[in-house]
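The data blocks that follow each hold one structure.
Here chain A shows up in two complexes: once beside chain B, once beside chain C.
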Partner chain A sequence: MKIFIDPPNSLILFDLVERFGHEPLGAMAPIQDRIDKIELDMPPMNVTLDDVVKGLKYAGIEVPSGIRGRLALWGPLIDIADAAITMSEPPFNFGCVGCERSNEMVRYLIRRRGIPHLIIGYPEDGDEAKAVVGQIKEFLEGLK
Partner chain B sequence: MSEERETRIFMISPNSMTTPDQLVREIHAMGKGVTAKETCYGTLVEGPRALVREVLATVRGKHPYDIYSKVRAYPTGDPRRCRAQHGTRPGYSQLEAEWELLPLIQHGLICSDKGEPFEVPKEKDKLPAEEFKKICEAIR
Partner chain C sequence: MIKIAQLSCGSEYSSVQSEIEKAAQSVGAKVVYPDVSYADVNDAVKRFGFRPRSPQLQLMIARAVQLADEKYDADAVFITTCFRCAEAALVRNELRRFIQENTRLPVVTYSFTERLKAAQLLTRMEALVTIVTRKDVLARERQTGLTAGIDSGSSTTKALIMENNKIIGKDWTTSGDVVQSATSVLENAMKEAGVELKQIEAIGVTGYGRFTLGRHFNAKLVQEELTVNSKGAVWLADRQRGEATILDIGGMDNKAITVRDGVPDNFTMGGICAGASGRFLEMTSKRLKIEIEDLGRLADKGNWRNAKMNSYCSVFGIQDLVTSLGEGKHFEDVAAAACHSVAEQVYEQQLQEIDVRHPIIQVGGTSLISGLVTAVGEVLGERPIVPPHSQYIGALGGALLSSGFL
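After this line comes the complex of A and B, so read on.
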């Protein structure tokens, strides 16, 4: 099954979802599509001007272009996902998870689709890590 | 996603005894015809998707708890991302932060494979305003 991961570039989530036999939907696939098929002419940005327009499907015109650009990449993934896993409140706020408004929009879009959604936190000690891995495993096995 | 190329990050957990050099040698020794580039955190592997998946399966089989992997969008050595060519690395802060957490995930995976029961941690309550006020007044 296709599992949307949030943060979409999370190594931990991508690896765990794949380990437990599902297909993770992360930010890397749509970015690779853009790299292989069309030239990204504005590095370090991973989106084109067209993407910001496409993001209008997921966020209103009054929403900042940064959020629309992110949702242009992540929105289509949420549309095709069978389930989603969110690791909330990451202890770092750089890169694509740096915008809390985008993260809220992602959670809203997942809730609106009504797909199974697991929300967990980043582990801080061994017991929490055991619970995080256990919860992800149980959630993914329950989808089969 | 392209069926032709897959680039993968192989990240070694900080408490592993495997070094990036050993991992690259192991991947080269498999003779799959993929490109392996040694990095500070592990290795980048690039090649046709089927071959990269074979390498991934072998590496996971050999180092089930030591090495973690995800797809990378940009090809190896892409001038827009390669540090040698002063490329930007906007996702690196997250990778670094998650790298620090890998020993915990390793512990979680080992416990999960042993079938150990786990307790879901309770959600932390918000601090009541009165209590917060007391803390503020105590350190004023």
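After this line comes the complex of A and C, so read on.
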């Protein structure tokens, strides 16, 4: 099944989803897709004006451009996801998209889809980390 | 190569990053990003005292602290975030203040939309580079020799001739073809001065048409209007020493520039909306069927409180005006309300982005609209100084600074 990970660029969540036999939907694919299109030149993310306009599907014109640009990347992934995992309040070396308003909107879009959604708190120590991995495993196995 | 440190949030997701870099490159500068480690971010945010929820705004703060602590070398700072983001607007303004309190680096702030193009940033980037690289030119207080300045503005084109620190000729016209308008005003100014083009030792050009005019007249000085206008303003107001704020409500955008000993060190330039520009007053006078020259006098007789007009947009502003007239409001009150609306928006949008220093010198063509000067005075609680020939600041600045190349 396709699992949307939040933060979308979290390598740990990406790896866990893959390990437990599902397909992770993260930031790497849409960004790779844009980087591979060599005619684009909007470094570092190669998000173009067309992308930002496409972001209007997820948030109105009154919403700042950076949020719409981010949602243009993550929104289509949420659209096709069968389930989602959110790590709440992570430090930003765990993975982040930089903008809390975008994070709020991503969580809302997941909720609106009504797909299974695991929300876990960031672990503070080793024991909590083991428990978190256990929760993710249980959630993912339950989806099969 | 001048290094402009970019402190930003959202630019890489808004399709505008390459436009920012293009604008910097076109004025011989390079955009750089102060390096920070993960540990720096937490310490910096703690020290700054404001912890935004968005991590990229936290990163902006950490980068600013690196600059303040001189751990990263840059010549100027460009702070930019998404238009309409409230959290970013708070951080942007406080960071601007923080950089100014802790460094001597010139700063410019900007809120972008996805439609941002390099040309919109050009004047701002050029001004940052000018402040860094042309300190000796900007320090000039007296004009020498026989020089001319041309200001090719969005609404009007002005020319002014100076000889040994005295104005000897000047003229202005509404802007049409850039070269034709400039040639016409220069010829008239030369006629008044009794000089010929071949006698003029140097020409300085500024304003939107500066690059075209620079090539056409083989100008010694081709410089953006932010720094040139501020030099013209302090010369005309005889405030070459000490501090001041120059307020120039232009035809298309507004500029607020702070100066110390005549040298600009910070500025803000409006751009996204024309609701607070001279263009709105032009539209108002057209709707009232009066000349713009008469709008100020009419406004001075009215009371702005009697007509509602406080839109942030020129189109909705005109809608307010039409509604007020439809309700039978007096022309005087409507004119006063239009002036007050512009002054209020300049205060709310521009003057919040700089630390106003006194006195305030109001210049540019709109400073001749007395009702607007009255309104600015009311809003700021201090009547601005309007120097003589205040509409010629750009042309005068061009003549003054170009004499530095003799």
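The rule we apply is simple: the second predicted complex is superposed on the first by the 136 of 144 C-alpha atoms of A that agree within 3 Å, B and C clash if a C-alpha of one lies under 4 Å from a C-alpha of the other, contacts with A are read in each partner's own complex, and residues count from 1 in each chain.
Here is the rule we go by: contacts are C-beta pairs under 8 Å (C-beta built on N, C-alpha and C of every residue); 3 or more make two chains touch, one makes a residue touch a chain.
Just so you know, these numbers come straight off a predicted model, no measurement behind them.
When the shared chain is aligned, chain C comes close enough to touch A:C99, but chain B does not. When the two structures are aligned on the shared chain, A:L49 is found in touch with chain C, with no touch to chain B. By the touch criterion defined above, A:R70 lies against chain C but remains apart from chain B after alignment on the C-alpha atoms of chain A. Judged by the touch definition given at the top, the superposed model places A:I31 against chain B, while chain C stays out of reach. For chain A, the partner touching the most residues, choosing from chain B and chain C, is B. Shared-chain residue A:S10: touches chain B; no touch with chain C. Contacts of chain A with chain B, set against its contacts with chain C after fitting on chain A, overlap at residues 43-44, 91-92, 96.
Residues 9-18, 38, 41, 52-56, 58-59, 81-85, 87-88, 112-115 of chain C are the ones that touch chain A when the two sit in their complex. Within the complex formed with chain B, the residues of chain A that make contact are 7, 9-12, 14-16, 18-19, 26-29, 31-33, 35-36, 40, 43-44, 46, 90-92, 94-97, 121-123, 125-135, 137.
Chain A contributes residues 41-45, 47-49, 51-53, 62-70, 73, 91-93, 96, 98-101 to its touches with chain C in the complex. Those residues of chain B that touch chain A in the complex are listed here as 1-2, 4-5, 9, 11, 60, 68-75, 78, 80, 87-88, 90-95, 97-99, 101-102, 104-105, 107-109, 111-112, 116, 118-121.
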